Structure formats: C-alpha cells, structure tokens
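Multiple structures are listed underneath, in structure tokens.
Next come two complexes built around subunit A: one with subunit B, the other with subunit C.
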Partner chain A sequence: MKLIIQRDRLVQSVQDVMKAVSSRTTIPILTGIKIAATEKGVTLTGSDSDISIESSIPKEEDGDELAEIIESGAIVLQARFFSEIVKKLPTDTVVIEVQNHLQTVIRSGKSEFNLHGLDAEEYPHLPQIKEENVFRISADLLKMMIRQTVFAVSTSETRPILTGVNWKIEDRELTCIATDSHRLALRKAQIETESNESYNVVIPGKSLNELSKILDDSNDPIDIVITENQVLFKAKHLLFFSRLLEGNYPDTSRLIPTDSKTDVVVNIKEFLQAIDRAALLARDDRNNVVKFSTFENQLIEISSNTPEIGKVIEEVQAQSIDGEDLKISFSAKYMIDALKTLDGTEIKVSFTGAMRPFLIRPINDDSILQLILPVRTY
Partner chain B sequence: MKLIIQRDRLVQSVQDVMKAVSSRTTIPILTGIKIAATEKGVTLTGSDSDISIESSIPKEEDGDELAEIIESGAIVLQARFFSEIVKKLPTDTVVIEVQNHLQTVIRSGKSEFNLHGLDAEEYPHLPQIKEENVFRISADLLKMMIRQTVFAVSTSETRPILTGVNWKIEDRELTCIATDSHRLALRKAQIETESNESYNVVIPGKSLNELSKILDDSNDPIDIVITENQVLFKAKHLLFFSRLLEGNYPDTSRLIPTDSKTDVVVNIKEFLQAIDRAALLARDDRNNVVKFSTFENQLIEISSNTPEIGKVIEEVQAQSIDGEDLKISFSAKYMIDALKTLDGTEIKVSFTGAMRPFLIRPINDDSILQLILPVRTY
Partner chain C sequence: MKEMVPKKGRVILHVDMNSFYASVEMAFDPSLKGKPLAIAGDVEERRGIIVTCSYEARKFGVKTAMPLWEAKKLCPQLIVMKPNFERYRAASIRIFEIMRQYSDLVEPVSIDEGYMDITESDEFGTPIEIARTIQKRLLEQLDLPCSIGISPNKFLAKMASDMKKPLGITILRKRDVPNVLWPLDVGQMHGVGKKTAEKLAKIGIRTIGDLANANEIQLKNLLGINGARLKERANGNDRRLVDPESVSDFKSVGNSTTLPKDISNQQVLFQVFDGLAEKVAARLKRKKVLAANISITIRYKDRKTITRSKKLRNPVSQKDEISQAAKTLFLKHWNGDPVRLLGITGTDLQEKGYAVKQLDLFSFEKEAKKEPLIHALEKLREKYGKHIIENAGAKADIDIKSKIGTDTSFNKDFLQTFTNGEKNKKQ
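Then we have the complex of A and B:
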C-alpha cells in the first residue's frame, strides 16, 4: 500500500473512527485503525465490536484531490499512536507506505515515522447489511432526538435493556423512548421512507452518544437501516454500525398519565434557574431532592434544606396554575436534565397528585414529553 | 452585620479568596470565607494557613456604589456553598444579613438563602507585616517571572526546599531560580525599591501558581514585602500572604556551565514541534527521552524509538551549529517545558559534551536561562 493524502481530511477521519476504538478491548487488533486504499480512495475503520465506524476519503471531491493511491492495499496501525501522530504532522500532505513485514512509514515534510503494523486480513469484517427498508432523517433532527432522550437511559446494568433507547417505527413515525425507571423521555418525529415496515428495537445509549458526536449540525440526510441485531446509520462518507440490545423493552405507555389535577405554566428559564439554586442546598446523596409547592396568585415556591448547612426558598411567578393546590418533592437533577431538552420560553407541568409521575411538555407541541417520578417526602 | 453589595464584584472577590481555601484542611473554620463589613467597605478572607488571601470591595469606586454597609460586623460562611450560591444569584445586587445565632440570610430577587455561619472571632488573624523595605514590580512582569521558573520546582517531598522557588534580591535585582535537580530555570529582572536590603528566601511553588492565577495581565504595580517567614504581595484591593519555606536553598551557581563546546542556534517553533513529535514514540516511563544529533550543513536530527511500536526521525535545519559534533539524549518533556517559557523566534542551545548539563537561552537576552541535565544513553 502506498498513498498520499491531505492531512486535515485524514485527521478528521481518524477522529471519527477513534470514537469506536476502545483501549480496553480484549481483542488486540481492535486497538488499531484499519486503513485501506483502493482505486476509489481511502477508508478508515475503527471498532469495539459493539460500534463500528467506517470513514471514507474519496480520491477527489469538488475538484480537489484529497488522496492519491500509488499502490492499493491495507494495514492496521495502533490507533492511539497513529491518531496522535497525524494530528502533529508538519505539512499539508502525508505519505503512508507499507514496506516489508508490515512496517509502515508515515512521512510529512522532514518528519518520518516508522510504525509496526498489523495484518489487515485479521481485522474483523463489518456487518453485511442489505439495504432494504431504508428510512431517512436529517442529521440535525436525529441529533436533537438523541439529545432529548438518551440522557434518561439507565446507567445501571441491573436491567441491561434500560441502558438503551427504544426506537419504534410505525406509520412513518419514529418514537424514541428512554427510561431509567425514575424518569422517562419521549420524542416523536415523522420520517421519510418508502416502506411501511414497523420496527421496535433498542439501541445502546452509548452508541447514540457517540453517533451524535460525529454527526454535523446540518440538515444532510442520514439513511438508517435496521436489521435483526444491527442498526446502520449512513451519512456522506460515513458508515456507523451499532449492535442492538437483546430483549423486550418494557411497555411504557401505561406509565404516562392521561389526566391531570394541577397544571402549571411557567417560564422555562426562570424555573430552571430557581431549581438550580435550590439544588445547591439539597443533599447530594438523595439526588438533590427539592420541594415544590403552589400558592395563591400563581406563585410557586421551590425549597430545600440540609440541616447542617442551611436552607433556601425560591419564589417563581407562574404564568398560570390550574387545579388543586400541590406540594410535591422531586429530584432537582432529573428536573434540570428534562428542562434542558425543551426549547421555547414556556412549559407546562402537569401533576396528578404528590405520589404520581408528572409530565413536563412545551406549550402546543406534543412531539416531546418528559416524565419524572416524585420522591415521597411530604 | 448587614450589607448590600454588587453581585459581580462579590463573585470576583469570592473567586479570588477561594484560591486559598482548601477542602482538605484539618482546621474547620478554614473551610469558610470570612466576610467583614466596616465603614470602609467589605473584605473577604480565605486561608489554608500556608496561603492567605484578603480581597477588599470599597463602598465606592470611580463614582459607582459597590457596597452599602447598613450594619458593621463579620461572619464566616462555608466557602464551597457560599461561592456556588453567589455565582447563581438572579439579580445584580445581593443583601447579606447576619441574624440571631450566626444565621445568615443571603437575598437576591425572589431567592433567599439561609446559611449557618461560624463565629468570625474564631477565624485566625492574618500575619501582621510591617511595611518596611517594600519593593515593587509590575503585575505582568511578576506573572512572567513566575511562569518562567515555577514549572521547574520539584514535585517530590524528598527535598522539600526544592518545591519552592528561590528568590534572591541584591543591588535592586530580583533573581528567581527553580530546580528539581534534573533541570533548572533562572530569570532575573530589575525591581523598584527605596531600600538596599538583600534577601534570599524560598517561596512555595504552589503559592506562586495561585498568585499568578489571581493577578491580572496588567502593568499595575505589585508591592512585595518579605519578612523572616512570610512574603506579602499587595495589589489594588488584594493582599496575598504566603509562608516561606524553611531551610537553605542549594547554591545553584556552580551548576551553570560558563563555557561550551557546541552551540546550536535554531528556530524555536520548528525545534519545539519536532521534539513534540519525536516524543510521541518515546517511552513514557523514561520521561520521553529523545536523541539529538548534529550533522553537517547545520542539520539536527531528533529521534526516538520504542521497540514494540516503532521509531521516528525528525530533521531540523538549524540557523548555525558551531563547535564539536554532538550526540546527546534528554527528556523531551523537560525540553518542551523550557522552550515554552522562551519568547522570540530563535534560541541558542549551548552544550559542553554529552554528559554535562546544557543551556537554552534566547539570542541576545541574558535575563533568562533554562538548564537541562542529559540522560545517559549514548
């Protein structure tokens, strides 16, 4: 293999595929990045066997020459060293050449690295996915849907299925749901597709987080293909594979209350900041539990108290409070996480009593909801 | 005590005095910040008994009212909580009021905190320092001198005196020296003073690092007073006290070679980047040792080699190489640290053989020198 490649493009591709490389893998070859040169260009691959990422650099793009392939071939280079090296190379182009015995020379200006490569034949093959039933979504919407749900997955391995986000596709609508059994996040959106297949799969939260880091905030289309045990996200020059979690995701629909006894409409920023301050004096070991009470004249009070330190009372003027008076306690952390996913200036919080889960939603937008279970202190 | 104070000014002062507050102190009251209100204004104090910082907020400055003192007095509040609270308060002004039993109310807009205070009478008094023999230096020069020397102090407690920077004042010249016995940094500057006293003291590296973080990059004058066991730095509205290290600093003057056998003049940026790359394949456990060799035609080669991974060779075109040919090995980390303290485009490296310490200096500037001991590999 011998090729000449634009350094900046190489650095970007290496950075993308590094998201899948784990230093803690038990499979030695997966500590490496596979570099393959063909007549089409260069592809880099990284994998930790849960996630695999392939990034392509074409020979030419928009009239610019990105890579010149002098000899086709492939090699695997230690990811940690290779990524550090390419970032620091002195000139705009880089020569990569595999010599005898997998010895690989990386040359840039007056800098010459000589790395021991690994045999690319031993690198695992990426899943072969038939591209039937493709559905399509823009990168920015996909990133938004991930951000609005993935924070609510469970971090505990006691119920592994809850460490993933449940993706359901039915009637050209994608619904993403995550819950750790103390809170739930749900987001829906229309998708483009030519098929009418239904899906119900669970994608590991970690995979979605890594995917979100790689995607641009553009409205470029992302093609998504779901198989029995894999999902593939296809962007321009990028393939992102993730395994799916095995098992059945719990039916969450009956968790979501359909009626409410107290509805509060409040400015999201004022509410968030008041809770953030109240959380300062809430004990860490109870997930920063704060108390929330409604009063006359659309007043809300948020308070917390740590006997050794002191207490705090925050007043917030609500837009409206309808229904029964309420005193309820909840995790300030969960509330802050939920509020940060919501856009707009006002939100509606709908309670069905101090012991029941409550809903947080934007006004006039039912594509997203956040649900939180209260803490029993009153 | 009752006062009304500008929040932003309070936040800045709290941030400054927090630099001296340690959460690991064994003296409970030092986990707090002392707040004192007098007819002049408000002073905040933080201390870990090695460093003490006092920040003042006058009642008025440049015609702006910064603080209104309604009742004089003092209180000590838990630093960690108080600093988090003031940062997040909603309005531009803050009321702080001590009520019965040291209960302290902090009020801002519709936010009300109630903290248990500690008795300010129990807070240790700051050192009383007679302001004789003041010398003066601008804040930016002081920060520069700290930055150019403090990185070279020892991090090991086996010789505690080497964890400090040796400050010597003689004939209106300040010399700062730091060494960890593998390298040495020296910086000199003229200072303003009305006395002709000589000093030879050792200031803890940690104190100088914290001082450097607080000082602005301005040419405001800093007054410095040295006593037997303390040093005081006085800026506008700020007092910074540090204890001095006890013991005699080693005489470093005989370490510094006065002659040289090989002199290399090289572009600092090219040299730094080549060493940075060569260090990528140098073993971590040997402080990233790289090899340096001179060749004909003003060529320098920097190389390193880790048998399991690979090797790297960097060529740098020097401005000039005078004297004997040389092969020498040194720590890339020490060289990078030293080069980063030097300004200008070219530096001169003066060697006296592969086994002797060598010097790195800017061209035509003898106010600073960096010395590194080589590693014996050739």
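Then we have the complex of A and C:
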C-alpha cells in the first residue's frame, strides 16, 4: 500500500474513528486503526466491537485532490501512536507506505516514522447491513434529540438495559426515551421514511454520545438503518455502527402521569438560575437536594439547608400557580440537567404530589418532556 | 479553635469507676461482695474472655481480656457471670446524673468513666472537696466505688485517677510531672499501647521521662503526628477541652459476631447477616441516623480478615436493606473458605432530618402510598412542634430490651441517648 493524503483530512478522519477505539479491549488488533486504500480513496476504521466507525476520504472532492493512491492495500496501525503522529506532522501532505513485513513508513516533509503495522486481514469485518427500511433525519435534529435524552441514561450496570436510550419508531415518528429510574427524558420527532416498519430498540448511551461528538451541526441528512442487533448511522463519508442492547426496555408510558394537582408556569432562565444558586450549598452527592414550595401570589421558594455549611432561600415569581399548595424536595442536579435541555422562555411544571414523579415541559411544545422523581425526606 | 483557648487554670476531674461491671453486680447482689467475681462475654470457654473482674479476683492474677479457661485455672472458685448490660447502663446513667450536678461540662468517655471540667464549680467547694463529695455520693447512693484524678487537663486527670485504686483521689499538678510521671514505664502512659511501647523501646525510650525529653524529629519519624502529641502529654500538656457533645461524634455503627464454629455454608452465613443487620438497624434507629455506606468484615478460619464496603445510592436504616447490601458485598468478595467471624458496619451516617431517599420510577408507588400519612405527620409537626409524633422505631429511646452491641463489650450508644435526653430537658 502506498498513498499520499492531505494531512488535515487525515487528522479529521483519525479523530473520528478514534472515538470507537478503546485501549481496554480484549481483542488486541482493535487497539489499532485500519487504513485501507482502494481506487475510490482511503477509509479508516476504528472499533471497540460495540461501536465501529468508518470514515472515508475520497480521492477527490469539489475538485480538490484529497488523496492519491499509488498502490492499494491495507494496514492496521497502533491508534494511540498513529493519531498523535499525524496531528504533529510538519507539512500539509503525508505519505503512508507499507513496506516488507508490515513495516509502515509515514513521511511528511523532513519527518519520517517507521511503525510496525498489524495485518489488516486480522481486523474484524464490519457488520453487514442491508440497507432497506432507511429512515432519515437531519444531523442537527439528531444531535439535539440525543442531547435531550442521553443524559438521563443510567450509569449503573444494575439494570443494563437502562444504560441505553429506547428508540421507538411508529407511524413515521421517532420517540427517544431514557431513564435511570430517577428521572426520565422523552423526545419525539417526525422522520422521513418510505417504510412503514415499526421499531423498538435500545441504543447504548455511550454510542449516542460518541455519535453526537462526530456529527456536524448541519442539516445534512443522516440515514439510519436498524437491524436486529445493530444500528447504522450514515452521514457523508461516515458510517457509524453500534450494537443494540439486548432485552426489553420497560414500558414507561404508564409511568408518566397524565393528570396533575399543581401546575406551575415559570420563566426557565430565572428558575434554572435560582436552582443553580440553591444547589451551591448542596453540591455534594448526599445533599444535592433542594426543597421547592409554592406560596400565595404566584411565589415559588427554593431552599436548601446543609447543617454544616448553612442555608439558602431563593424566591422566584411564577407566571401562574394552579391547584394545590405543594412542598416537594428533589435533586437539584436532575432539575438542572432537565432544564438545560429545554428551549423557549417558559416551562410548565406539573406535580401530582410530593412523592410522585413530576413533569417539566415547554409551553406549547409536546415534542419534549422531562420527568423527575422527587426525594423523600425522613 | 481549641488551640486558641488559653490553657491557664482549668480544673479537670477524671472519674473512673472501679471494676465497674463487677461492682454493679455486687451492688445488685451484696452476697457477692468480697468474692472473686468475673464478668465474661460468653460463659462458654472457647470464646469466653474476662470483660472485668473484682479486686478479689485480681489478687489471683485474673485480668481483663484473659481467656476464661486461663482465669479458671488461676482461680478455680471464680464466680463467672454474663454481663447484664441493662443494669450497667442504668447505673451509668445515674453516675453521670450525679456528676452533672456539679458541672455542665461532663464528657462521658465510656460507660464507666468520664471527664468533668469543674473550673466554674467553686460554689460546690474546692476541687478536692467536690471530688470527695462525688466519690462519697457514688459509693453511698449507688454502692459503686470510683477513683478520681484532679488535674489541670484531661491527660493528667486520667493518669491521676489510675494511681490509686480502688476509691482513690489523686491530685496531679503539672509541676508534679517530673517527679511522679517521669519515672513510670512509658507503657503505663495513657495513649501508649503495647505496640507503641515496643517501638519506643527500639529508640531507647523506656520511661515517660525518656519520652518527655526525646528528640521530636525522631519521634515523628517513628510514630508520625502522634509522636509529637505523646511528647507533649509526657510533659504534662494537653489542650483538649472537656466536650459534653463528643459522645455524639459517632462515625459508624457496627456489629460483628464470632461464629460458634467455622462455617462455609452460604445459607447459614446469610442468616448470620440477617441477625447482624437487625442489630445494626436497631442501633441506627436509636441514633436516628441512616447509613450511606455499608461495609462487611469477613474473618476466615486462618484469621485472615478482610473488610469491604459499598457506597449506597440511598442511605439505609432498615434491616432488609442493610442485610441485602451486606449479602451483595459478601457474595462479591467471599472466597468460599470457612468463616470464623462476620460483621456489618454502617458508616457515612446521616441524621434522619437531613437524610433523603431518591424515589425510583419503578417503585415510587410503594412510597407514595404512605404519602397521606406523612402529610398528616408533617401537619402535626408544623402545628405542635417537631417532637409531637415520631415513628415507633425512633421512640425506642430508653426501653430497648434487645441486647445491642457486640457480645463482649458495651457500646456507647446509650451515652448519646443520655446526653440527648438532657438536652431535651433543657429545651
């Protein structure tokens, strides 16, 4: 294999596929990045066997020559070293050449590295996915949906299925749900598709986080294909495969309250800032709890009391408070996480009692919902 | 903060009950008086260890912590009794009540000893008069002997109370330190255990005087920060204040038990955990705290001991929750070998008023069912004050009948109850 390639494009591609490379893999060859040169261009692949990312660099794009293939072939290079090397190479072009016995020369300007490569034949094949039932969503919307849900997945392996985000597709609507059993995030959106298939799968939270980091904030379309145990996201020059989590996601629909006893409408920014300040005295894990109380004249009080440190009381003027008076305690962190995902100026918080989950939604927007379980005080 | 308090002129008493458990038994049953009596954790000889013994038994060479079989060999007529913790606790509470009549600054250290600061107590007489009165009242009213040390600080008071037993009163001034303390073996010093004494001997320190004049850097290298502290003490300096609240500075609640025989049957071990969890739960409830961290101790047949802990998502106080956490830890860390001792300890304790439980989406209904009740309780408390109503568990303040603590020693829980009780009275 021998090729000449634009350094910037190479760096970008290496960075993308690195997202899938883990140093703690049980399969030694997966610590490497596979580089393959064909007559179409160069593809780089990284994988930790849960996530696989393939980034391709065409020979030519918009009239610019990005890569020149002198001899096709493939090699696997240690990701840790290769990624650092390409970042620091001195000139705009890089020559990669595989010589005898997998010895690989990387040359750029007056710099020359000799790396011991690994046999590309040993590298696992990417999942074969038949591209039927494709549905399509713009990159920025996809990123938004991930951001609005993935934060709520569980980080504990006690219920592995909850470490993923539940994706349901029905009637051309995608619903993403994540819960760690203490809070739940739900986001819906219309998708483009020719197929009428319905799906109900669970994508690991980690995969979605990595995907979100790689995708550009553009409205380029992303094609999504779901199979029995894999999901594939296809962007321009990028394939992102993720394993799906096995098992049934719990049915959360019946757990989301439909009625409410107290409804509070409040400015999101004021509310968020008040919670954030109240949490200052409650930052550590154990006391990350604030108390929320409603009063007459549309007044909300958010307070926190940490005996060793002190206490804080924040007053927030609500737009409206309807229904019963309420005192409820909840994790400030969960509330801040949830509020940060919501756009708009006003939100409605709907409570059904101090020991029951409550909902946070933007006014006039059904596409997103955040649910939080309160804490019980003794 | 404490360092800033001027050290001049405090008068501290250390009241130390003489062979307390045995004395209480003798007060309870005067026919035991004058006989060699020992209290042992377990009358069964394999595990039985002398917890305390009367002075008559000591004449035969019977000592605290001696195995029962050895004591019996030394003194065949030894009367051995199981501890009656309820009796000792009741006696202890009355002792501290009497002490408290002479000063607000009473710090119980354990069931049978305490410090009191009588600097401001001159209305009751001179320090020696106060000491005599207390000793006399304890003997006449409770039939319990004690020794009292009078000194300008805690350390000297403690050393002083040790000097004359039983029924001694010893004054130890700072100026007496070179003459009285320095000739003593360093091992006799409060705060110097066997291990420390051995270490000190290696650098030629044998008496308290040697320690007082030892090289500080050398001491620090040998014993760390404690080295400097011990040197200070050996010179008669101790800035610790008498702190009536110190008993409530508890950091953990734990129970352990030596099994009657080495066991490797998981089911049986789990039953042991259930029993331990019940005890820990009872003690947590009494202290009105929850544990956010549960640790277990496993001692194997070969005495190899491991401790493993886990931080919990929600603090616990219920038997089932504690037991569950302990068993999970056990299964993770047990190597399958026969087990000699098991223990459960709750740490990272949180006061009930500030502890919270994060509700779970899939189980909140269980908690929510209690909501009307909790709501009603809150209303009552809002109207009539915090203490108007409490859960049955929290109310078990004085009347706990179950034997708590480890099987061989008493725990300090009740001292806290006592100080709390006092505090409530004052409110």
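Going forward, the second predicted complex is superposed on the first by the 374 of 378 C-alpha atoms of A that agree within 3 Å, B and C clash if a C-alpha of one lies under 4 Å from a C-alpha of the other, contacts with A are read in each partner's own complex, and residues count from 1 in each chain.
In this section, a contact is a pair of C-beta atoms (placed from the backbone, for glycine too) under 8 Å apart; a residue touches a chain by one contact, two chains touch by 3 or more.
Everything quoted here is computed from the prediction, not taken from an experiment.
**Student:** Which holds for A:Val289: it touches subunit B only (first), subunit C only (second), both, or neither?
**Tutor:** Only subunit C is touched by A:Val289; subunit B is not.
**Student:** Which holds for A:Ser320: it touches subunit B only (first), subunit C only (second), both, or neither?
**Tutor:** Touch status of A:Ser320: no partner.
**Student:** For A:Asn229, decide between first (touching subunit B), second (touching subunit C), both and neither.
**Tutor:** In the superposition, A:Asn229 contacts neither subunit B nor subunit C.
**Student:** Applying the touch criterion given at the start, work out whether A:Ser72 contacts subunit B, subunit C, both or neither, answering first, second, both or neither.
**Tutor:** neither
**Student:** Give one of first, second, both or neither to describe whether A:Glu84 is in contact with subunit B, with subunit C, with both, or with none.
**Tutor:** First partner only, subunit B.
**Student:** In the superposed arrangement, which partner chain does A:Ser329 touch: subunit B (first), subunit C (second), both, or neither?
**Tutor:** second
**Student:** Which positions of subunit C touch subunit A when the two form their complex?
**Tutor:** 290, 292, 313, 315, 348, 350-362, 364, 367-368, 370-371, 374-375
**Student:** Within the complex, which stretch of subunit B touches subunit A?
**Tutor:** Touching subunit A: residues 78, 81, 84-85, 88-90, 104, 110-116, 273-274, 276-277, 280-281, 308-317 of subunit B.
**Student:** Which residues, counting only subunit A, touch subunit C once they are in their complex?
**Tutor:** 156, 179, 181-184, 250, 252, 255, 286-287, 289, 305-307, 329, 331, 353-357, 371, 373-378
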